[in-house]
Each structure stands twice: as structure tokens, then as C-alpha cells.
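Shared between the two complexes below is chain A, which has chain B as its partner in the first and chain C in the second.
Coming up: the complex of A and B.
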């Protein structure tokens, strides 16, 4: 098996607001295998977006601080990379699609300029110093302190050379830029892309804008694409279109995706593996089909139960009683115990259960529950 | 239309002597004449033609105003961008921003006109002294304005999206933020020209401006003639420069309003649509959706602008 694109190890993120300190993400370990789509679900406020933004170090620091843990990408620990060097990793390494497609395009630039900038950035990176299409030759030993040749090459200055060399490079970077922009707009199924080129973002519909965003992200050929609820601002029909599109594109462009959503239907359709987050912790992780069939954490079960389907049209929608706990004072023990139907004294008294492999599941199915075997018996 | 305006402006600014038979500081033999065909704004007690002097003052006044507002905009704006974008406390940028803002506060804590007057007194009379005096009190407003806009823009999702796309900080500031900040700044700049003119005239009026009649300048002109105490007898000597100030300031505030409309990409498209008179009331986004349904019909529709014409062969 190839090494994962990104490995998150025991990552904790705090928000320091005034006197309070909120641990928005505590001790999450996760990896995205190459070519896979990993989904993350959870209620609002459980740390999904914080986790997503922390990977490319896009969180505003402060108020956020990465307390502990590592994010290993291309053999380097991104947590230790100084912030000003991060642009070298973002874009072609880790790219991101945001929640608000309506505001994620710069209103002052035409579509052409926006897509062209993304392609331009990739071309700069392609020029040799930043080799993105070649994976490091040997598998990495992640137990060692992860600073490797490939990682260091990444952080070297981007453009050496004098003015003449720079002019030649500049011309080469612009060559055929327009055609490539058109190519990527066609890739995301925009019909008549030539018309779109000269328009401003506000002249496009929400679905079109989101497709342009996807085109921009894909045109940089990122190794890891983080999609932070990319469809939640769109209406259902457009959502379906965009999702279908993303699924097709995953096969066309070789990239791995971390897909954040609170919509189980969306996850079921796109993801290979699924992680369930609750109150800043990863409570269950495993193959999507298995999690849907046989969840091993009561929270996963409750989430699945609360998902509206067209078959449950009678009666009120199912909910999970109670709210996500205040993260400045998380409950003792297992964080889900106040809302859990199978909670016992042990759940409150013992420190929270670790994420462990479950019996009878696939190799990578893990759950953080003391009684994973009893989840199936919850009505 | 634009060409005519530009040409007119160039003639007025560059060659005032084309519009008047009198040279700069040319004394005529007509003393204290009321406005007439020969002297449209009359003459003063030494035989200077007021209309000619007002015309000759125009390039000087506008030059001073543009120099002050321009240097203040570029300098103050750059400081404002820096202070707005790199404001994270505890970093080098944070300390730089702090220093910039505290210095700005020091200057803002004085009433700018009084401070300018004080500096003008200490520097003496003359064009450059006037520019320096007003400029020193003028730049902090641009720092504040640009910093505020930058703070508002830099937290918008598209700046985050640009970061995620791997755009470096410098490029984000110069490309993404500057482009979205510059619109209100340019509008403010245009309106500010008028304000600078008024300040300039005020300093001139209290007698600290340039040395009229050796250098024509409106504020100093008014000051000079009202000191002579002849306003009641020869009101046109003051009326000429007064009207000139009034109309110039009015022109710049109208220009500022016009620029605001032109610079906003949203209203720009609307202006273009109404300008060509084409049936472009349906937005292109709507057209795109129509196109998905009935491509053939859409092809035959006349388009609003050249950018909207679909290229043949694209399906």
C-alpha cells in the first residue's frame, strides 16, 4: 500500500478568546490514503472546519493555536513550518474549496484572471525547484523526525536567476494560458467557457461559481484537496450536479480529497472512508459502507438516525437530544455520555475512551466507545 | 466626448495664455475696471486682469492640490496597507503596524488646519512650503482609510481562498487586496482634491500662502484684495478667484461621484448595458441557464456587449 497523502497525528487546536480557552480539536489522528475520499461529519461546532483549515495552516493564529500534534505532508511536519513558508505548500500541495462559493471569488477580477492565476502559480511551481508530480522515491519512516530531502526542496526559494532569465520564464509561463483556462472550465462542465472568461463573479449563478472554484482548485493539481462543505450553500439540484461532477473529477485528476460535511447523504455519495467528529474528538472512523451498515459508536448511530430520508415522511424528524457541549468545559469521561442512550457510570468516571479498532470490523474501522458491541442494540 | 474634455483640460492647464490676451503679471493701463468685454472679470488697482490671473492660478492650484493629495494617497495608502494586512500582534509586522498607527494618531490628534498653519508659519511663504505644510497633516487620513478597508477586505472568503491557492502574502496584498481597496480610496482622493483646495485657499486667505501677485493663487488673491480693503468698491477682484474655487471644488466632488459609479464592476456592467441600448437586461448568468435549455434560440438573440457574443463552434 502506498503511503498516505497526509497524516494527522494527535492534533489539538485551541482558540484563546479573552480569558477562555476552547479546545476545538483535541487529539485527532487521521490519515488520507492516496486517491481516496475521506469524509468528516459531525454537528455544527464539533471542530470539522477548524480541523480542515488547520491542515494548510489557514487558521488565524491567534486566536487559534495548534497545541500539539503533527500534520505530516510530503514528509514534513506542517505544524513546524513557519507561516511565511506555507504558500509554497498550499495550492499545488494542499488546496481547499470553501463553504461560501458566493464569496470565494474575488469580485474585482474576471473569471479568466482568477483561473489563470491558479494555473500560473502551478506553472511557477512546476519549473523544477518544486517538483510536484514526482513522489519521493522511497517510503518514509514516519517514526523518525520527519525532515526529508523532498520536504526541504519544497521550502527552497522559488525563482533564482537574473532579470533576463526571469523575462524568459515569464513568457513561458504565460504561453497558452488562455487555452488551459478554457480546458479547465470545460473540465468542470461549463458550457460555452469563452463567454464566461470575461465575466465577473457576480454575473454567474451560485452553481457556476462553485464550478469555477473547483476548476481553480483542480488546475493546480493538488495532492490533497480539502472540500469544506462545498455544497451546503447551494440548493439541492445544484448540489447533486456539483457532487456528481466532483466524483467524476476525482477519477479524472489524480487527487485525494478530505471532504467535510454535515450532510450524511452527501458523504455517502462521495466518500470512501468516513470520520465522525464529536466535540472536537474523532469518535469513529472506518469505511463508509461499514459505518452506515453497522456503526460502532452511539453518536454515529444517532446521526444516522437523525438524517432525514424520504422513507420516513411520517412524524417529526428525529433529533439527538441535547446540544454539543461547551468546549471550554467539556464533560468528564466520554464527551458524548450526557446524550448517550447506553451511557453507564464508567463512561462518566473513566477518562475518555481511545479510538481503537473494533472487533469484527475491517482493519481500519476504529471507534472511541467503551461498549462498541452494544451500539447495534440501540433502537 | 472624453477626448474633448481631456483636450480642454490640457489647454486650460497647459496654456492659459491661449485663452487670454494678457501675460502673467502683465499690467494694463485699465485700473479698477468693472467686468467688461475686454476684461471679463475686471481689473485691480494696479491694472492686473483678474480673469487672466485666475486662469494662470489654475495650474498652480491644481498642481499643489494633486501633489498633496497624490503623495498623501500613495504614501499614506502604502502605510495603511501594511498596517492593515500585517497586524498580527507579537510579530514583526505587528510591531511595524503599531508604530505606524501611533505616529498616525499623533498627527490626527491636532486639528489639521491649525497644524498646517503652524507648519506654514515656520516654513515661510512659497509653493513648496505650502505643499509640505499641508502634506504633513494630510497623509494620516489615508493611513486610516486604507487600513480600515484592508481590515475589512482581508477577512473576506476570497482572500482566504487565494491563500489556500498558494498565493504569497505580498501578491495577495498587491493584487487581491489593493484592487478591492483602491476603489473607495480613489473616490476619496478625488473628493479630497476639493478639500485640499479649500484648505489651501484658507491658508492663502490668512496670508500664509504664496506671494501674490508674484505667484497667482486663488486663496492668496482673495487675501490680497480683501486686505486692500476695496471689496465694497471693487467686488469683482474677490469674486473671480472665489468663483474659481467654488466651481473647481464642485467639479471634483461631481467627478468623485461619477468615478464611484464607474469603478464598481457591478454598476460598470449596468452602465455599459444601458449605453449600448442592447437588450442586455437579462444577466449573463440567466443567459447561461437559458442556453442550457435552448441553445439554438439563444444564438439568435442579439447580445448586449461584445463580450457576450458566443463564439461559433462552442457547444
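Coming up: the complex of A and C.
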């Protein structure tokens, strides 16, 4: 078996807010195999987006702190990499698509400029000319503050510098990439890409914007693409188009995807493996068909059953009793035990159930439940 | 009380005019308008729930607002219990509002963060006048448990509630004046599945207890399936299919309804290798061309669709629904799954029928 693209080992992430400390992700271990789509589902606040953003180190640190654990990518532990070195890894290594495409595109640049920038950076990186040094500048030393002579400003040469000059240089770099940009826009099945090139993001529909985002993410040919709720803001028919497109591109571009969603239907249509998160923990992981057919964790089963599929004449919908726990005071032992129909005293004791391989399942089917065999008997 | 429908909309229309620039006015460019709701007829009977499904921009929220008199229609008729309510103004309109209440989509934005629960939920009661503060609080103590909230939360603020809790507050506010119709505008779209199921269960129970009619506006087909008795499918400001919920969802006739149902992702891993065939985006609502609005995306389009507006009509052999499609008889028996294809050409698995 080939090496997985990314290995997450026992990763814990805390948010320090005021005097409080929330463990948003606690002890998650997971790997994304080469060329696979791994889905992560869970309810709001279960830590799935925090996990997704922690992999490319996009979490604001502070308030977030990566407590312990490792994220192995290309043989490097990303948790130990200083933040200023991360841009070198992000582009071709790990790319991300976010939920709200309007917030992820720059409103003041045309589509052409934004896609071309991604292509340009990939090109100079391929040539080995990309100098990435985002080291924070040394703190200003006030004791060595230069004194300004009167009239000195008049003697300075009048050449553009700073932001204006960078903008001009940026525009020059982006020229001449028209054919390549068109190629990527066609790849994501955008009709009439020649017109789209000169439009601003607000002039596009949500589906088009998300397609542009996908084009940008794929133009760098990343090894790992993290898609955080990429279709949640879209209408169903547009969502179906984008999902179809993503399925086709997975085969064409051969990238591995970590797909975050709260929609089990979307996950069922795209993912190979599925991880289910609850209150910051990974409670079950395994091949998607097996998880849907024979879940081995009561929470997975409850989640599957909560999706409304019946008419009101057929009786009330199944719900999960109780509420999602507060992460500043998580329940002891198994975090699902207060809401679990098969909980026993053992489930309350620390430490909680470990994520272990289940009997009679596939090799990589793991569940964090003391009684995985009894899940099938829950009505 | 008349035996007719509770709410009857006939040819209801709402155009939002676009502003013209000075140059356009000088050149005499014709006025343009967004046809948000374009000639919709709909009846809601007492104690019935009608689901309104469609994608964003289909005009479903505008229609809901028109029925609640939050917008003034630019054309058509609107009757409530047989009475024309469009001329109502001022005090008469305020008095009428106790009949129709709205639950808004955004559970954060629709509750004033600076007001306490009793002020928020009691506001419609107090707006109707003639009721003291202690009376309001006493009534709310009885009301809050019916939506599943503790009666002692009257002095809490909305931020102390979760998304589901806030949506329950909204629901309690709408029910406080015992309305005959509640317009539910995407009541569960901001909620997780488990919480959504709780709210939907509560909605159905409340309807049985109080005999209130619902207009459920949503893009969530599953929610409509569970709550609605009848369903109307909207596309670009027009209803394309109206009928009993089982008929429309199990034997859809209009190509758009079929496409919508085929596009809904199903939690069934066998559908993993399917692909959706309908392309294109929802077109603009500014001065839409004549003919069927779905024609540019429709796989069954013929020339007639581009020139002649289809009208809602009964189709022989349908399950009781009205359909606005010229080719309804021909496309009647095409199943939604045929709008999907598989990678290897194997048959598309049938969507699991609800147990």
C-alpha cells in the first residue's frame, strides 16, 4: 500500500478564550490515502472545521493552540513548522476550498487576475524561483530611529515604491497567462469562459464562484485538497452540478480530498472513507458504504436516522435525546454517553473508549464504542 | 366562517422595479423590473400545511411575505377567509395581522439581542394592545413549554439559546396570538439534522393541537415531505407544479420537479457514482422572456416551450397535481433518476422509498 498523503496523529487543538479553555479537537487520528476522498461529518461545533483548518495551519494562533499531536505531510510534521514557512507548503501541497465562495475571492480583482495569480505562483515555484520568506520583520528599534533632515523628502527619487509598485509588478506577471486561465476555467465546465475572465466576483452566481475557486485550487495541482462545506451555500441543482464536477475532477487530476460536510447525502455521494466527529472526538471511521449499512457507533446510527425521510402520517421523526455538550465541560468517559441509548456505567468512567478496529468489519473500520456489537440492535 | 379556503391568492404578482440611470431615462430605455412573483395562484385551507419548494431566487420567500402582507403586491388578488385583504391599512391591517404570523429564516437576526425573552415572544401580544405586562408573562409561561422551552427562561436573552432554541423562540412568538396561518420561512435551514428533526416533530404536533395552517417555505425537500399536506414547486416566480405531497414527490411530472428531486443528495452510498445531467444556472428574473421559464435548462424542450407560456392544468393519469408544462403527458412517466447517469453505464439505483 502506498504512503498516505497526510497522517494526523492524536491531534488536539485548544481555543483559549479569556480565562476559559475549550478543547475543540481532542486526540483525533486519521489518514487520507493517496487518491481517496475522505469525508468528515458532524454537527455544528464538533470541531470538523477546526480540524480542517489546522492541517494547513490556517487557524488563527492564538486563540487556537495546537496542544499535542502530529500532522505528517511529505514526511514533515506540520505542527512543528514555523508559520512563516507554511506558504511554501500550502500552494502545491495543501489547498483549500471554503464554504462561502464570495468571501474567498477578492472583490476588487477580475476573475482572470485571481486565477492567473495562482497559475503564476505555481509556475515560478516549478522553476524553483519562488522565494518565500514571510519571516516576521524584526521589531522596530526606537533607539536607532533615523532623524529626518528638513527638506530630505524633496531630494528622494520619485519612483513608485511600496504597494503601488508591487501592484504594477503583479499585473505584469499575470499577463500572458490567458490561455492557461481559459484552460482551467474550461476544466471546471464554465460556459463562455472568455466573458467570465473580465468579470468581478459579485457578477457571478454562487455556483460559478465556487467553480472558479475549484479552478484556482486545482491549478496548483495540490497533493491534498481540503474542501470545507464546498456546496453548503449552493442550491440543490447547482450543488449537484458542482458535486458531479468534483467527482470527475478527482479522476482527472488525481488529487486526494478531505471533504468536510454536515450533509450525509453529500458525503455519501463523494467520499470513499468517512469519519464521524462528535464533541471534538472522532467516534467512528471506515469505508463509507460500511458506515451507512452497518454503523458501529450509536452516534453514527442516530445521525443517519435523524435525516427526515418519511411523511407525517408515518409517525414522528427519530431524534437524538439531549443536547450537544458544552466543550468547556465535556462529559466524562465517552462523550456521547448522556445521550446514548445503550450507555452503561462503564461508559461514564475515564478514560473513554479508544478508537479501535471493530470485529467483522473492514480492516480500516474503527469505532470508539465499548459495545460496537450492540449498535445494530438499537431500533 | 365561509367554507372556502383560508387564504386564496389569484394571479399574485410582485415586481421590483430597477432604477434607471439618467442616461437611460434620457434615451427612453424602457423600465425594467425583477419579476419576483409572476402570476401565482395558491389556496391554503384551514389547518392545512402547504410546502413551497424552489431554489434561491425562485420567489418563494417573496410569495410568503406577500401572503403575510409584508410586501404589497403589484397585481393580483389576495383573500383571507373570503375577505379581500389588500385594501386593509393602518389599524385594520394591524388587527388583521393576528391571523397570520411569520417565523423568519435567520434565528440570530430575527431576535433583538437587547430584549429579553418575554419582551420578544410577547411583542405580538402587546402590539395587539389591551394586555398588561403580568398577563403577558403569565400567558408566555403556558406557551413556552408547548414549543419545548422551559417556562422559567422569560428573563434570559436570545444569545443564551442555541440555534434550535432560538428557532423555538421565533415559533413561540408567532404562535402567541393564536394565528390561523403561520408562514415558516426556512425554519430549519440553519440547524443540524438532529435539531431539525426535533423542530419538525414539534411543528407537526403543534398543528394537530392548535389546528393552525402552515405555509412552509424551504429548499429542503425532506422537511416538506414530513410537514406538508400539499406542495407547490416554484421556479423563477411561477408555480410549475402543485399537488398532494405524495403525488408530487413520488410521481413528479414537471421536468423541473424531476430535476430538483434527482439533485437532492441521498444518504445512500450506492449513489456515489451517479452524475447529474441538468446544466446551466438559474437565469435572471429581470424581464424574463416569454415561454416556459425552465426552457433554457430543460432536457425535453421543444419550440413551443420558448414562445408560449404553459399554464397550470390537470394531467390525466397524474396523482392529483396540477402541472405547467406543454409536454406533461409525454414526460409524465419519466422517473427523476433518469436525469442522473452512472459512470459505468449500470442502472441508477432507485432512491430508497421512505419506510
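As a working rule, the second predicted complex is superposed on the first by the 319 of 379 C-alpha atoms of A that agree within 3 Å, B and C clash if a C-alpha of one lies under 4 Å from a C-alpha of the other, contacts with A are read in each partner's own complex, and residues count from 1 in each chain.
Note that in this section a contact is a pair of C-beta atoms (placed from the backbone, for glycine too) under 8 Å apart; a residue touches a chain by one contact, two chains touch by 3 or more.
Everything quoted here is computed from the prediction, not taken from an experiment.
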Task = Applying the touch criterion given at the start, work out whether A:266 contacts chain B, chain C, both or neither, answering first, second, both or neither.
result = second
Query = Touching A:329, do we find chain B (first), chain C (second), both, or neither?
reply = neither
Message = Quick check on the superposed pair: does A:205 touch chain B, chain C, both, or neither? Answer first, second, both or neither.
response = both
Inquiry  = For A:288 in the superposed arrangement: first (chain B), second (chain C), both or neither?
reply    = second
Task = Report for A:235: first if it touches chain B alone, second if chain C alone, otherwise both or neither.
result = second
Query = What is the contact status of A:44 with respect to chain B (first) and chain C (second): first, second, both, or neither?
reply = second
Request  = Have a look at where A:303 lands relative to chain B and chain C in the superposition and call it first, second, both or neither.
outcome  = second
Task = Would you sort A:109 into first (chain B), second (chain C), both or neither based on which partner it touches?
result = first
Note = Where chain B and chain C land on the same part of chain A: residues 191, 205, 208
Key: Partner chain A, residues of chain B touching it in the complex   = 88-89, 156-158, 160-169, 175-176, 179-180, 265-266, 269, 283-285, 288-289, 291-292, 307-308, 310-311, 314-315
Request  = Sort out for me which residues of chain A touch chain B in the complex.
outcome  = 56, 58, 61-62, 84, 87-96, 98-100, 103-109, 117-118, 121, 125, 191-196, 198-200, 202-205, 208, 213, 216-217, 220
Query = Any idea which chain A residues touch chain C in the complex?
reply = 43-44, 189, 191, 205, 207-208, 235-241, 243-244, 247-248, 262-270, 288-289, 292-293, 302-304, 306-312, 314, 316-320, 323-324
Ask   = Which residues of chain C touch chain A in the complex?
value = 55-56, 162-163, 192-198, 200-201, 204-205, 219, 221-223, 225-227, 245-246, 259-260, 262-276, 278-282, 352, 354-355
